[in-house]
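Below are two complexes that have subunit A in common, paired first with subunit B and then with subunit C.
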Partner chain A sequence: MTRTAAIWLFVGLAGYVFLPWYMTPHGFWSFGWVIDPQGGGESGLYHLLSGRFWLVGPLLGILAGFAVLGIIKPPIARSRGFIITATAGLALMIAQGLLIKNAGRAAAEVSLWQPGMGAGAFVVALSLLFVLTSGISGLGKGRGDAFITSLIGLIVALVAVFVFYPMSFILVQAFALKGGQGYGISEFLPRFFDDTVWSLACLMGSGYCGAAVNSLVLGLSTALGTTVMGLAFALVFTRTAFPAKPFLRILSILPIITPPFVIGLVLILLFGRSGTITVYLSDFLGTEKTRWLYGFWGVWLAQMLSFTPIAFLVLIGVVEGVSPSIEEASQTLDATAWQTFHRVSLPLMRPGLANAFLLGFIESVADFGNPLVLGGNFNVLSTEIYYAIVGTVADPAKAGILSITLLSMTLVAFLAQRKWLGKKNYATVTGKADNGQNAALNPGMKWACYALALPWAAFTLVLYGLILLGSFVKLWGYDHTLTLEHYTRAFGMVFRNGVHFVGSAWDSYFTTLTIAAISAPLTALVGLLTAYLLVRQKFAGKDAFEFSTMLSFAIPGTVIGVAYVMAFNFPPIELTGTAIILILVFVFRNMPVGLRGGIAAMSQLDKSLDEASIMLGANSATTLRRVILPLLGPAILAAITYSFVRAITSVSAVIFLVSARHNMATAFIVGRVENNEYGIAIAYSAVLIVTMLVAILLLQALIGRRTLRRTDRVQTA
Partner chain B sequence: MKTAMSASMVAFGVALSASTGLAEELNVVCSNEQAWCDLMAQNFEIETGIDVAIVRKSTGEVLAQLRAEKGNPKVDVWWGGTGDPHIIAANEGLTTASGVDLSGTVGWAQNMAEMTKGRTVGVHVGLLGMIYNTELLAEKGLTAPACWRDLAKPEYKGEIQVANPNSSGTAYTELATLVQLFGEEEGFQLLADIGRNVNQYTKSGSAPSKATARGETTIGIGFIHDMVSLKKAGFPVTIVSPCEGTGYELGAVSIVDGANNLEAAKRWVEYVISAEAQDAALQVGIYTIPSNPNAKTDPDAPDMNSVKLIDYDFMTYGATKTRTRLLDRWTAEVKNAGGAIEE
Partner chain C sequence: MTKGSVKFENVTKSYGEFVALKPLSIDIAPGTLCTLLGPSGCGKTTTLRLIAGLESATAGRILIGGQDVTHLSATYRPVSMVFQSYALFPHMTVLENVAYGLSVKRVPKAEAKDRAETGLELVGLSGFGSRLPSELSGGQQQRVAVARAIVLEPEVLLLDEPLSNLDAKLRRHVREEIRQIQQRLELTAVYVTHDQEEAMAVSDRIIVMKNAEIAQEGTPHDLYERPASAFIADFIGDANLLDTEVIATGDETRIRLLGQELTLPLTAKHTGAAKLVLRPHQVRIGSETLPGSLPAEVTYAAYLGNQIQYTLKSEAGEIFAVAPPVAQPFRQGDNVHFSWADNAPRIVMT
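== the complex of A and B ==
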């Protein structure tokens, strides 16, 4: 403990003395300041000596830490000393950051001003945090394991800075009084329970239902549908001898790699009032051409397509993990295949089902693209929130209030999920000799799964065939002359004096891929480490901590986007207009998927595995790396895949954060759709889909499957 | 996992350090069509040698962003989109006077600058109109609409699509136009009557025109310049300029208050109001009416002289107070009065 603290104290001091305290104009990672020390690369010490007296706080924290190290000898007292000094240093640092916010050109005339924090400040804050956590571990918390307390401290700090801090800006707005003066509860309650939010009028057959009611019904239907569908796919993969599994696997995940609006557009072309299938049915069966697609059913269908893959990704690992020994034991005791599935396997899949349902619900209520295209007069919270911010009359208070409504629904879903799982033990991967064959499904179940999964896969295939076709025709839906024009306009290249990327899409394509490639592993890392803490460690406030990690995921991207602009446009953390803010928003927005998948998978790993490892002398870091992670292959794959894909396809969160220098593919596509240039938008989407597919297949080959037991076969019953 | 991490860190560094440059630069946020944004930026770069970074966002999104960034803006100039949000931004002090010489532009462009103390300058006009799908109209045996009042006919029940003025500036322009044409009482009565025929109030202003082109609805209301591009794309549609007269939007350009590259921003404003810059619009299928009388126009594009225009009062109907009042009334008397039937 003392050694760890000492190392971090030295790191902090070095950061204070040598690294540039503020963001340099060259960017965070640029080392331009090394050769040009006057170019904004001055250290904290330099700024302190040249008049920025408020920077003394963190230095005091570090120096006091050294004093503790040198003077206090008894371990407990020394730990307390570290805690006190580090907390004080951090508090002073945060206080100066929040108080002195003047920045930029206009502020240069004011004496109290500073730019956003840079590398030096980052290192100092981090080292103070780790001194604090090693002090806490010295008190015997977290089994006295500095790794565990540091991990908890780090993740709490990250969530606080990148989830709570920005969210507070939006939530405070909910209590703003009309006319812009002051805050209070007097307007909040009537608006919170307003008819436009909670009305049940549509059930009585008159008028519109409230947006919250619509969101709730839609969320539950989508969650239920995607979970059932995801389970059907997972069972087909793991418990049947279906011949074309790899092909089916690609089909089953295609929809998440589809940029927004594209699914809605294809559905319109098929089922809209003038859609191919609608016209066909009306010609041959004489049915009336209707606009049923615009409303609940259309949105639900599009969401089913979009979110089934998520349920599938969460469930496949869990279904695979159910131990064959237990199923064999059940069969030995003379249970039928159905009894085994119903009474043994299914209950063991509960963590997967619960997490898939929760994710489906949250994704559905926060979804923005599908309701926008297909919603018709069916209003949901996410679109209402978006237009409260960007509509003809901006009403940030309404956006705040509706966000709180949305969050409360998520909280209830989260609590219900916890209650359903209860305190049972779902561990089936125990490290004991575990061989055998997974029980095959009984014929009824097998055919039920086939009946659900195969038509759905075929439907997906048709949709993607149409998308591909759409990118090669002149005017989708009207003029089906084949052309390559859309591709050459978007991705044209000139080979003269080297290669020139002249197509209009290249810039955003490269930016998008870079940012997705950076954020995906980070997302998976943060998500899985958090899952490890939640499943394996005990600490105070764990439930609140778990819920807080879901916050950024549960809120529509638009709200997050605006919150990030409000929070990170000014010191202490000034990130707008950079690529870092895009990476951060993706990491913290997509982390919950890694987290849920990680929790579901880790619940299956028996604790005796960790204990055996620890007893053999490994510390918890080694246990995590050598025992837990290798058993989490599918969860890691799901997390990386999902976050990579989401970074490429999400639109609402980034619309406020993209800047001229860092534009994203989806912003580009939406712009083209707005301008009726469907051809180029679809061509771009097709290229993105192929890119993502290649990336996913590569990832699968790299990370591969875990070896749980010697044979992974299904009985040929 | 480890290699992926380190590889991504390297990429991270490259991505972040690649983003810097020392040449004179300008950050533009553009609310026009993407192709038009890109072309203008490219031409400006060639003309001035200033390095332009441009990004497209809708006017509502830009306004929300400018409010959030107030005091420390990251963009220098905001070009394009309907004029109302530009006027709101000017009134809230989010933008600053450009001081650019406007003598070469037409009257309405100069009026707009006068109204906002020079903070926003008109660059184009977009006229409001109707569009119908000829195939659907024939199939249903309906007569073609010619006037605003026609839209209230019972035969169009469930055939009309229009945006929701609470979310769309286009639909608000329509609301304000009818109120100015017929007076507030009669205007709202007409809106409610039309409302009984409306099948869907869309969120986005351009959605009704697109839905009409694709045959998802028979009649749509929107801006004529969007409709021209749909017609040119080959959809079976006819564009109608209502017989009673119609309203319009003023597209604008504004310099953001506290811009980091003020001089370059001024040159941008000077450039986009020049005839030479506005000529290029036709290359990318933009059919709005340019503010420079010397700029070229397309024969298919609407012409201000051949269309009956109302005297649109931007100051009154752009003010937040009037907007809130009219929108509340619209929600109560039009939206909740029925219509919007899904067949």
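== the complex of A and C ==
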């Protein structure tokens, strides 16, 4: 414990004395700050001596830590000393960061102004945190293991800074008064209950409904629809002799690697004003070309197509989880197939159905891409938030209020899911070998499921065909000559003195791949480490810890995007316009995915494996590295793959955070859609889908092969 | 010399409201094998994990080899452990498993390999080093787990129900091996089991636990011959517990059993309600009334070849008895009389 604390005290001191305290203009890794006297590379010590007296706080924390190290000998008292000095240092550092911002930017150097924190500040904060956590471990917490307490401290700090801190800005902004006259409740209530949010006019047949009402209705309809469709697919998959089951599996994976608005785009090709089917109907049947697609029905249809696979994946586990012997028991008691399904199987599936419904609801109200493309006058919260920020008149207060509304909806669904489903466990799969046969569906049910699922599957397939076709057609609906024009414009290359990427999409394409490639392993790492703490360690406040790490799953992308813009646009943490903010948003948005996978995988590893390693003299870090991680191969692969894919397909959060230097593929495509350049947009989407497929296969070839052989061995004892 | 001793001073463990261990003081002498025995949930595994450092004590002091380790993490304690599930690392070979502890302690590779091979030799598995754990039988995996624990030359070896995953025949063989290795290396060993026969067979000393505290401790002989309570009498070896009453005690004890007054050549703690402890093999069954014999009825008789098992019903309770095979065994419904050899039974107070 003492050694760990001492090392971190030295690291902190070095960070304070040598590293640039503030953000360096050209980034830390370019190292321009080392030689450039104007590069802003001055250390905390330099700034302290040149008048920024408030920077003394963290230094005091470090020096007091050294004093504790030198003076206090009894281990418990020394640990207390570390805790007190490090906490004080951190508190002083946070306080100066929050208080002294750009209050007097206009005034001269002496004024109370400082830029955003940089590498030096980061290292100092981290050191103080680790001195604090090793002090805590010295009191015997976390079984006296400094690695465990430090890991907990680190993850709590990260979630606090990158989830709760930005979210607090939403709350504060919502209470902002017009014209920057401070904050108060006087404008919040009227704006919160404004007609544009809660109007029910459309239900009465006059005018438009409020965005919140629209989101709610859309969310409920989509949740209901996807649950029914998902169940139909799951039943076809598990309870019938349908021949093409692998095909259904593939169909269920496709939407995961499809950027969210692509379905909307393809629907426009079919049902839009000049869409194939619209034109066909008006030509041959004389019906009018309608705009029905641009509104509730269009968004609903697109969401149904996008989210049914999610419900399917949830429900297939549930349907498979109903033990065959229970159904057989029902049949030996002379129940018919229908009675068995209706009175035994269905009630057992109820929690799974509720789970699928709530997931569908959260996905639907948080969805940004489809409403953006197809919404028309049908306003939903996620798009309204976007327009409140990027519209002609930026209105952060409105964005804040709408965000709170949207967040309340997803949070309620999230809490309901945890409360109702967390405790009940209807799973009937036991450790015993279960060799029975699941009851077949009765003919009526079977044909009902076929009638729902198969046309839908065919429809999805047609849409994916159209993504490919649409990208090769000159101008859909008007000029159907085949062309490569969209690809050459987006992905053109010139081979003259080497390769020149002249296509307009290359920049964003490379940025997307780079950022996804950086953030995916980080996401997996943070998620798996958190899972390790949750599954394997006992500590006070574990429930709250779990809840807060899972929380970001319930925060819609739009909301977190807005929150990041509000929080990280100025000191103490100034990150907008950098690639770091994009990486951070992916890591903390996708963390629950890695977390869930990690929890599931780690629960299957016998705890005595870790304990054996500890007993053999390995510390927790070594155990994690040499025993747990090697056995978690497939989970790591899944976490990396999924966060990579989510980073590429995500649009709602990144659309606020992209900059000219760091544009992302999805933001680029949305820009093309807004300019009605559907050809390029679809071509780019097709390229993204192919890219992700290749990436998934590559990842599996790289990591999967080795880990598969290892998992074959996981037959302990 | 205190190296290898284990000492608890009023150690307690609770999880919130739940008390897993009431104040416990134990003292295990170096070089002995001490067994923690008891039904599930009695606190024996908690005690073992407290020695290991896998749980931290709520209060009290834990000393290993005279050194206070109460706040020392498991990584740094001079103990190693054999797990119930063996916990062999499935992604490492047998040799890698055995050498793991040495390698995390930065022992040079060549030396680690030599010591690991010596360890495997000790448990009779030389030549199995390059296999994976999954390619070994249960008994072999067990021995790898033992080898892995002892190559570190721990002061104390902990064994958590090490035989429970083996089949009955193998169990006796492996427990003899463990005992031999322990004696040869003069290791202190703490052994957890719920199987009293296993405990009797391997232990120098047994600590019987019940309801998160010690019920009785002593040598196997002590526990069997001088049980302190009905629980111990019943738990250590089979016993019939008959309701009785101590009328007077001194050098001899007078008891009242089934309306008769009998004299036993032993000393009871005091007078009052008590149980008479009668082991099944001590029960003698006859058809005639003899002085000191008591009436009962045969409710069940089973012929097992080498013995006959009877269940008798008497006013003082049910009696289980074993008798040598005879040509004309008693049958269900027979009225019989039972008695015992003079110095056979024990009295425990209730």
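Heads up, the rule we're going with is that the second predicted complex is superposed on the first by the 413 of 717 C-alpha atoms of A that agree within 3 Å, B and C clash if a C-alpha of one lies under 4 Å from a C-alpha of the other, contacts with A are read in each partner's own complex, and residues count from 1 in each chain.
To be clear about the criterion, a contact is a pair of C-beta atoms (placed from the backbone, for glycine too) under 8 Å apart; a residue touches a chain by one contact, two chains touch by 3 or more.
The structure displayed is predicted, hence computed values, not measured ones.
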The chain contacting more residues of subunit A, comparing subunit B with subunit C, is B
| message | Contacts for A:E485 in the overlay, against subunit B (first) and subunit C (second): which applies, first, second, both or neither? | response | neither
Note to self: On the A-aligned overlay, A:S608 touches which partner chain: subunit B = first, subunit C = second, or both, or neither?
What the structure shows: second
_With both complexes superposed on chain A, which partner does A:N619 reach: first (subunit B), second (subunit C), both or neither?_
second
Could you tell me if A:P630 is touching subunit B, subunit C, both of them or neither one (first, second, both, neither)? second
Fill in: Touching partner for A:G272 - first (subunit B), second (subunit C), both, neither
first
Which partner chains sit in contact with A:G671 here, subunit B, subunit C, both or neither? Use first/second/both/neither. first
What is the contact status of A:G375 with respect to subunit B (first) and subunit C (second): first, second, both, or neither?
first
Dual-contact residues of subunit A, meaning touching subunit B and subunit C, are none
Contacts from subunit B onto subunit A in the complex sit at residues 1, 4-5, 7-9, 11-17, 19-20, 27-29, 33-35, 38, 52-58, 60-61, 63-65, 67-69, 71-72, 74-75, 84, 136, 165-169, 172, 199-201, 203-204, 206, 210, 213-217, 226, 229-230, 233-235, 258, 260, 320, 323-324, 327, 336, 340, 342-343
Note: in the complex, subunit A contacts subunit B through residues 25-30, 32, 103-106, 207-208, 268, 272-274, 288, 290-292, 294-295, 372, 375-377, 383, 387, 389-394, 474-475, 477-479, 504, 511, 514-515, 517-518, 520-522, 525, 562, 565-566, 569-570, 574, 576-580, 583, 629, 636, 640, 655-656, 658-663, 667-668, 671-672, 674-677, 702-703
So, in the complex, the side of subunit C touching subunit A is made of residues 52-54, 56, 71-76, 79-81, 83-91, 100-101, 104-105, 132-134, 138, 141, 148-149, 152, 158, 165
The residues of subunit A that touch subunit C in their complex are 75, 140, 143-145, 606, 608-609, 611-620, 622, 626-627, 630-631, 710, 713-717
